[in-house]
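What follows is chain A paired twice: with chain B in the first complex and chain C in the second.
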Partner chain A sequence: MDIRSQISMVFHLDKCIGCHTCSIACKNIWTDRKGTEYMWWNNVETKPGTGFPTRWEDQEKYKGGWELVNGELKLKSTSKVKTVTNIFHNPNMPTMDDYYEPWSYKYKDLFDAPAGDDQPTAKPISMVTGEYMDIEAGPNWDDDLSGSPIYAENDINLDVLSEEQRDQLFAIERLMMFYFPRICNHCMNPSCVASCPSGALYKRGEDGIVLIDQKRCRAWRKCIAACPYKKTYYNWNTGKSEKCILCFPRVETGQAPACFHSCVGRIRYLGVLLYDADRIEETAKHPDHELVDAQREMILDPFNENVIREAKKNGIADSTIKAAQESPVYKFVKDWGIALPPHVEYRTLPMLFYVPPMLPVMSSQEGDSVRSINEEYFPDFEKARTPIKYLAKMFGGGNESHLRYVLKKQSAIRAYRRAVTVGDIDMLDAEKALIEADCTPQEADKIYKLTSLCTFDDRFVIPAAHREEAIEMMKDPLEHKQEAGFGFRDAPARGR
Partner chain B sequence: MKKTYTFIIIAWTTLSSSILGQDVEGFYKQNCASCHTIGGGRLTGPDLKNIHLRKDEDWIKKFIANPQAVINSGDAYARELLSESRGVVMPKVGGLTPFIIQSLVDFIIDESSKEKSKYGSSAIADRPLTPGDIVKGRALFLGVTKLKNNGPTCIGCHSVAGEGLLGGGLLGPDLTNVYGRLGGKKPLAAWLASPGSETMGPIYQKYPIDEEEVLPLVAFFKDKTLSNVTEAGVHDFNFIIIGFVGLAIVLVLFDLFWGNRLRSIRRKMVEGKI
Partner chain C sequence: MDSYKNILDTFFFSMFPYIIIFTFLLVTIQRYRAKAYTFSSLSSQFLENKQHFWAMIPFHYGIIAVLAAHFVWFLVPDTVLWWNRVPARLYVMEIAMFIFGLMTLIGLINIIIRRQTNSMAKVVTSKADWWVLGFLTIQVVTGLYIAYFYRWGSSWFAASLTPYLWSVIKLSPDLTYISAMPFMVKAHIVSAYSIILLFPFTRLVHALVVPNPYLWRKPQVVRWYWNRKKIRSSKNL
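Entry: the complex of A and B
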């Protein structure tokens, strides 16, 4: 056993209101520099929709992630041979049009315009060329546009549906949509790290955050092709690639990352998971429909004495183990089993998990009162507007049983809570429903509490960073003991 | 420090002169014999027998040191020599010092006084040239047959009109009419036996052209001169055509390798092509 700790995440999609506050918080801190205008380390997509960059889930085109070739894991985009043959040109790069041409407006015109019959307007200016431009697309161009004939219909996840189901999904009054906020998944088996010819990308040993060393990056841009989630970006100004750093300077000082901190819907949870790094390859080789279970299997019980002993042997601090025991992510993923990894079939083993949305809330208005359409406690998911197949394509590696389990459990908890607080549902029926959904009243209360009444400290359990230990791996902390005490960067001409 | 330099300079001059003292004959053989005889009539250059009676020693030394400079100075005799050799200027020999020049002059005067000098004729066999020689010479010139002593192939530096797909090298002069220019079989053979120019000399001293190879080459050059072709221009039209064909092939290969790269997805999607 080779136990590592990883700061991982849960996004609760039922709570996301699509306000993009997270994206703006991130942008203001990290990507408001020259060369990063088009980057959105955090973005929020509308599903069904094509996302950012457009149709990023289409790996036939973008060639992201891993594939199984004769039982071996291979990168889809590159290999040693392809690195040589494509040495002058990286063929799998998204174009600027697939992201979008970043723009601003010429606000000055609003103030300087001469008096006239019309209102002055601020014309859009490209932030790349500085010229006037026609805006054709943006990073959330299809925001709230589910059902649109171009963007939503081209969602590649809809390919699993039958023609009839597709038609239903796009029929007026049967439209459905949900938001899909995305950041770097800080995968356990990151294809971006594997693809880098310079070895500039690395997964931090102490907390599993995936970073790009800005000194070693040589602008190969292999990571951009290799990341199936398209979450590494090339900075055209510095000539280096950049990506979400999970706000590690904040995490190291005990604060939640900016997008987590600012989340209005409180959909984001952050906590430590312990996993067995020896099993990464074996796990990633499972067939698509077994991947969710296999990945869950890798995540270890932080209360197990054997696990704790092995973790300590690997240098994981007591405070980290304690954080793992209190981790909300562990609860969602392992204890309750209601958080699922996105597109696990890319085999990068993402460490950001999603609680899938329970769409839609079936209710109708009659006079002044709103009542549930479904008389049963569980809506029939087979007949629900959101086809389970569609969600399974996104969150289950195509395995519908995971989705059915999660949705059933969530709806049983809703029924149970309604029985508790409103009382118009019979408690016995509600408890029966809980049992059928593999849940107990105690567990239901815990899920309810962490979902609806969660405080800051419930959502973010951040362990002490122990940077001093991480630094010890790289250099001797006593290296400069008994040497000049006024800085080491510019050594004095004589004496040390 | 100063003492060391002085020592090195003294050692160098005495050492080199002593070597030359023994081997002025060797130096003559390597650098002069390809164009000159002593009492055997002219090759490319004039017969050197009794040269000291034709011109004074100072003039001879000046000429050996830098023939082109003497010609350029407008010296009447030097111009006469130039026209006699059909415009072939005597190359400036590398490694000449006043001492060596003096030794050479002494050597020539010495040989002139002999009844029959060793250098009275060229050493090349006097058999007639055959058509087979032309074919063999052409192969040698093009490098199809390698030179026996591993010397570099002629076409590497020289060109001859109509030979070689891309023409020959441009470093040395065009050899299309070299047979006529140097004045026929004997001078040309003598030159090939030990080329004396600053560029060719050092190379072919180490890897000389074999006696067996000289005559075929002469035959090849003679054939070229007699066929009356004009010299090949530097801007060979073939070269441009081949350049374009090569470019086209490279572009096609590029397309085969990288043609299926990722192009815009969004625009195609919006235009309904996905």
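Entry: the complex of A and C
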């Protein structure tokens, strides 16, 4: 047993209002530099939709993630041999066209234009070339465009649906959508790390954050294609790849990452999970439909004495173990089993989990006031407005039973809470529904509280980083006293 | 006139090599130590993908093959001369290398066209890049000229240039063979030295950091900031 701790995340999709505050918070802090204008380490997509970069989930095009070949785990995009032969030209790499050409406007024209009959306009200019350009796409170009034949219809997850189901989804009365905010998943089995020829990408041992060593990155560009979530980006100006760093300078000082901190809908939870690193490979080798369970199996119970003993042996601090015990992520993922990993079939074992959205599912019951919970409160998921198959493709590795479980539990909790607060549902029926959904009133109260009434400290349980001790082990902390700072102090510039 | 030529020969073939080797080592090592961040291939594939293929693939495969051939001629001249004893084998090698040289040239021309015509690629093209492209073009054109007009290069390289290069390495440059060489050959050698000189100052450094460890390392990389077994007793430090 090789226990490691990992800062993990849960996004509750029912609570996401698609305001993009997270994206802006991230952009303002990290990606407003030259060469990073097009990057959105955090982005919010409308589903069904094509996402950012366009159709990132199409692994036949981008070859992201792992695949199982004769029982062996292999990178889809590259191998040792292909790394050598494709190093001059990476055939699967997305280019700026797949994202968008970043632009600004020539605002000066608004002031300098001579007096005339018309209002002056600020023409768009490319932030790459500085020339005038026609804007053709943007980072959230298909925002709220569910039902669109150009965007939503090209969502690759819809391929699992039958022709009839697809037609229904695009009928105007049945149109549905939800938001899908995405950051780097800080995977347990990251394919970006495995693909890097320079070994510049790495996972931090202490908290599992995946980072790119800017000094070792040589722009071989393998990670760009290998990450199935397209969450490593190429800085065209400095010739280095960059990615979400989970705001580690904030996390190390006990603050939530900027996107978490600024989240208006309070959909984001952050906490520690303990897992057994010896089981990564074996777990990632399970067939698609078993992957969700296998990954859950790998996450260890922080209250188990044996686990605590082994964790301590591995140098995991008591404060981290305590944080793991209080982790909201552990509750969502393991205790309650209502948070699922996105596209687990890419086999990177993502450590960002989603509570799948129920609203579009439930609203197929529209117009009917709630009288009896038995049939109506467990909507027939087969007839649901959001096809269960579609959600299962995104969050269950194709296994619909996980989605049924989560949605059933959530709807039972709603019925139960309605019985408590409104009282027009018989409490006995509500409790029966809970039992049917593998839940108890106590658990329902807890889920309700952490979902609806959660405070800052409930949502973010961040362990002390103990960097003070870590630094002492490596070097004299007074070494750079009265200097500009530690480490890397050059301003990044292209090739200089 | 003759003495003037002698002075030039002495400078370019017995002093210049030491200047460039010294500069190359000093600047490269210092750059790696102090500015490792600048070691990058500075790929522009992200901005332009199609022309990139027709530029990068022929150029890199071509130049690697040609460079490898030069190394073989330099390292095992006797084997090369033995190989060349059979005309068929000689022709195969010479023609193959000529084709690789042409590939390099085609790649170079495509690189230059791409960086001139594509507005995005143009943005990320620096002056240093033009120096590199200029010298590489001189190098490849002179190389092809020599291969075509002064046959058979692989044989006389092994017989007369290899001893010269070894004499440079042994710190007693012997210009006997060099002085008699035609202008194009001399230009080819001086241009090669110049390219080595350009290495530490340009993007060429990426060739020095080709990712060999990848072929042997495990797929996953984990870095620890502390010694995890010891950290729990760090209070006793």
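Here is the rule we use: the second predicted complex is superposed on the first by the 452 of 496 C-alpha atoms of A that agree within 3 Å, B and C clash if a C-alpha of one lies under 4 Å from a C-alpha of the other, contacts with A are read in each partner's own complex, and residues count from 1 in each chain.
Throughout what follows, contacts are C-beta pairs under 8 Å (C-beta built on N, C-alpha and C of every residue); 3 or more make two chains touch, one makes a residue touch a chain.
Here the structure is a predicted model, which is why all the values come from computation and not from measurement.
By the document's definition of touching, neither partner reaches A:T36: not chain B, not chain C.
Of the two partner chains, chain C is the only one touched by A:R204; chain B is not. By the touch criterion stated above, A:N154 is placed in contact with chain B alone, chain C being left untouched. Once the two complexes are overlaid on the shared chain, A:W220 sits against chain C while remaining clear of chain B. With both structures placed on the common chain, the touch criterion links A:N314 to chain C but leaves chain B unconnected. Contact comparison for chain A: of chain B and chain C, C touches the greater number of residues. Of the two partner chains placed by superposition, only chain C is touched by A:C196; chain B is not. Using the contact criterion defined above for the overlaid structures, shared-chain residue A:K80 touches chain C, although it does not reach chain B.
When the two complexes are overlaid on their common chain A, residue A:T50 makes contact with chain B while staying clear of chain C.
Residue contacts after overlaying the shared chain place A:G239 against chain C, while chain B stays out of touching range. Chain A residues 89, 93, 95, 97 lie at the interface with chain B in one structure and with chain C in the other. Residues 50, 53-55, 58, 61-63, 85-86, 89, 91-95, 97-98, 136-137, 150, 154 of chain A are the ones that touch chain B when the two sit in their complex.
Taken together, the chain A residues at the contact with chain C in this complex read 75, 80, 83-84, 87-90, 93, 95-97, 128-131, 189-190, 193-194, 196-199, 201-206, 214-221, 224, 234, 236-240, 280, 312-317, 466-467, 469-474, 488, 490, 492, 494-496.
Residue ranges on chain B touching chain A, taken from their complex, read 257-258, 260-267, 269-270, 272, 274. Against chain A, the residues of chain C that register as touching in their complex are 35-49, 52-53, 56-57, 59-61, 119-120, 122-124, 126, 128, 202-203, 206, 209, 211, 213-215, 217, 219-232, 234, 237.
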